[in-house]
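A short write-up of the structure that comes next.
Every chain is named by a letter (A, B and C) in the order it is written, and numbering of its residues begins at 1.
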């Protein structure tokens, strides 16, 4: 089991390395660079100095090695070129923090409520609660998030001014974004959970548990939940990782200083260090979450532990 | 009580009854279609989709306006003259929305088709050949699917200087095939170990024939359902890209672009964003509902 | 033509499972089958009978040991020879609900093998299909049906028809009746015997149904945890079982005589069937054998001849 984890961790670094490399070179293929806007009005010599300062005059692969060296020897991701003085790592930390404040809460809400709704929906299959919940779920995955966000913003901040329209600072600012962001995970988890609970509930061992005299609630708690939660857990990982790019859309609509919008800005500014930093950060979190899910899987599903393979 | 042989007479069993065939004759596809027809929601969704596609193809003709023609009637609310109103350059929104629909639908369908075909072939080969080849191919899938799709898409969109339909498609497809590959591989692995495939192998049937005759028809249903669910996700991705500003460039337009443009003026002219967003939502909803129905119809486990 | 059709020599089939363990599904099995004869292989679930059946057909590659068909080792076959082997040796499967492709018509299923080995025209093939359906007791209107329209017993007969279509000399029947109703079981077994009468092929009949095996077999082998513990002609082994396991197994067969003193002749075994993973040395049965000695625990007994083609793997007597 330990060997398995080690292998996966090694994998994680391998993928991170590959993705970073690819991103680095892709990035340099985009037309433009961070200094173009800055230096266009400056005399030639100053321009050259600028480029030399940031090492942008060197060939791409050299820049790559400088970058790598920076990580391994100093543990830094460099400085933002667009906003000199800002350390990439610090910036990421700060803005990732904001994104996650909304995102993690949204995913958690979506997960918990989704699991509950999905279970209820499956238990009362084809009855009224099921139909209602299914409608909500379908809407949740079909309505594009920007439509929802815009709608909510219009309804709850302009038409009926309950919340501040945009900005950041107080808890009130966070409610609408969280609500919007939780809709989609809620719908997804509801659907997943419903389908896996339906599968589990028809199994013989559930009938057996009831025959033994357990109340239905006990059966659900002890047998159904544990066995049907696995598929939902599988997507929980990537969902949490997605949180950190933030939903760019939500952030831009509600003017929240999150990582998502920072990433887009960096890309538009061609701010190389920021771009790479964000990409690495996101990839790292993403792979980490996949790893955590895999490990959770092994812990929860004894079939994998014993047979050493996924018996799906 | 003593039992004697003379007390019993041999009745035998009713051979005819035991040989009676259980169900009326029908092929798999016909049976699936019958089930689908019974699902009102799915049929409704299907009609909806056909309607949307038709409107996208003939929208301009129906309302009589060309979607690029500017006029002096700027920012008009929906009326009898302009059913969806007009935008800030006076272009009829109804025509624009359905012109955008052409692009959005095309990207959605093509994108899903390409990744589904590629993913299916990849997954089938991986599972069928098995062994080291399978292991390597799956490693590649793992690595590619670990790449955050947003990163790649944004990068690629920027890299390609022309933001035509082609480059957007490429950007979307590069990562998308992994899910299909995994799905199909799982299905094929199951099939490879099933008795009738082993029987075919024992009979001496060649590998190619086995694939053609057994594997493909039995994975078709999974592939089709997967395709139906991928389409809305591609439409959504394209809309998202456009919203972020990396989408199709003028004069082409898509629902995402229209919604993005409409967002600017949402507080004053909400209909400019409402209609394209509604189309996106309706299309995604219909594909999802139809996909659900399709999956239920094709799944033999639900046979009664 | 030699009399011995199939010879299995010290067949071992080991499967690696997680953490470097070895699952010894088949651990040194040797027997032979003559032309036109039926060899019954019995044992509990998990004793390795099915794996043996598949290894004999070349579906698995043996970890050790050889399978000789008509004198030649099947692992040394050229492509031509292997194709010929696939015509000569066929298999009938246990699960009638899984052994037929749900998307194919009965006619296509039966024709599938024929297309590989024979050159029939469309009409000839159709006629052959009708003949085969008749041979297994089904009418010709079944040809255009689909498997899901048939009952378990009918599907199993299609499986038999499919195997017969290529005119094999040897058929491995892997628990062909386990999934069927008792009344249908008898029909299917009688069918198997009838076609054997007509066509003269040999069977390896794998089952855990002791009475059926006695009914159909000329020779019987008893397996336990991957090893063959006893083998003898059918009547001989049922009348005079020698190995302690065989004795216990046969004592459990219900006798249709309400007056027989069953309780006292019943030999009950203590303990549980050990795992086939990393089996200890010595006789596989010693943990449960009431007569086990120290030697039994250290040394694995080989099959020794008791005369009358009766072989036992035991140190006793």
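The definition used in the following text is that a contact is a pair of C-beta atoms (placed from the backbone, for glycine too) under 8 Å apart; a residue touches a chain by one contact, two chains touch by 3 or more.
Not measured: the values here are computed from a predicted model.
Of all chains, A has its CA centroid at the greatest distance from the CA centroid of subunit C.
Here B is the chain whose Cα centre lies closest to the centre of all protein Cα atoms.
One inter-chain figure worth recording: subunit B and subunit C are separated by 46 Å, centre to centre, where each centre is the mean of the chain's CA atoms. Centroids built from CA atoms put subunit B at 24 Å from subunit A. If each chain is reduced to the centroid of its CA atoms, subunit A and subunit C end up 55 Å from each other. Along subunit B, no residue makes contact with two or more other chains.
Of all the residues in subunit B, the ones that touch subunit C in their complex are 13, 18-19, 21-23, 25-28, 194-196, 198-206, 213-214, 217-218, 300, 303. Across the complex, subunit A is touched by residues 142-143, 146-148, 150-152, 154-156, 158-159, 161, 186, 232, 236, 239-240, 243-245, 259, 263, 266-267, 270, 273, 277, 280-281, 284-285, 288-289 of subunit B.
By the touch criterion stated above, subunit C contacts subunit B in their complex at residues 57, 59, 83, 86-87, 89-91, 93-95, 98-104, 112-113, 115-117, 138-139, 142, 144-146, 148-151, 153-154, 159, 162, 166, 183-184.
Within the complex formed with subunit B, the subunit A residues making contact are 11, 14-15, 18-19, 22-23, 26-27, 29-31, 138-139, 141-144, 146-147, 150, 154, 158, 241, 245, 248-249, 253, 264, 267-268, 279, 282-283, 286-287, 290, 312.
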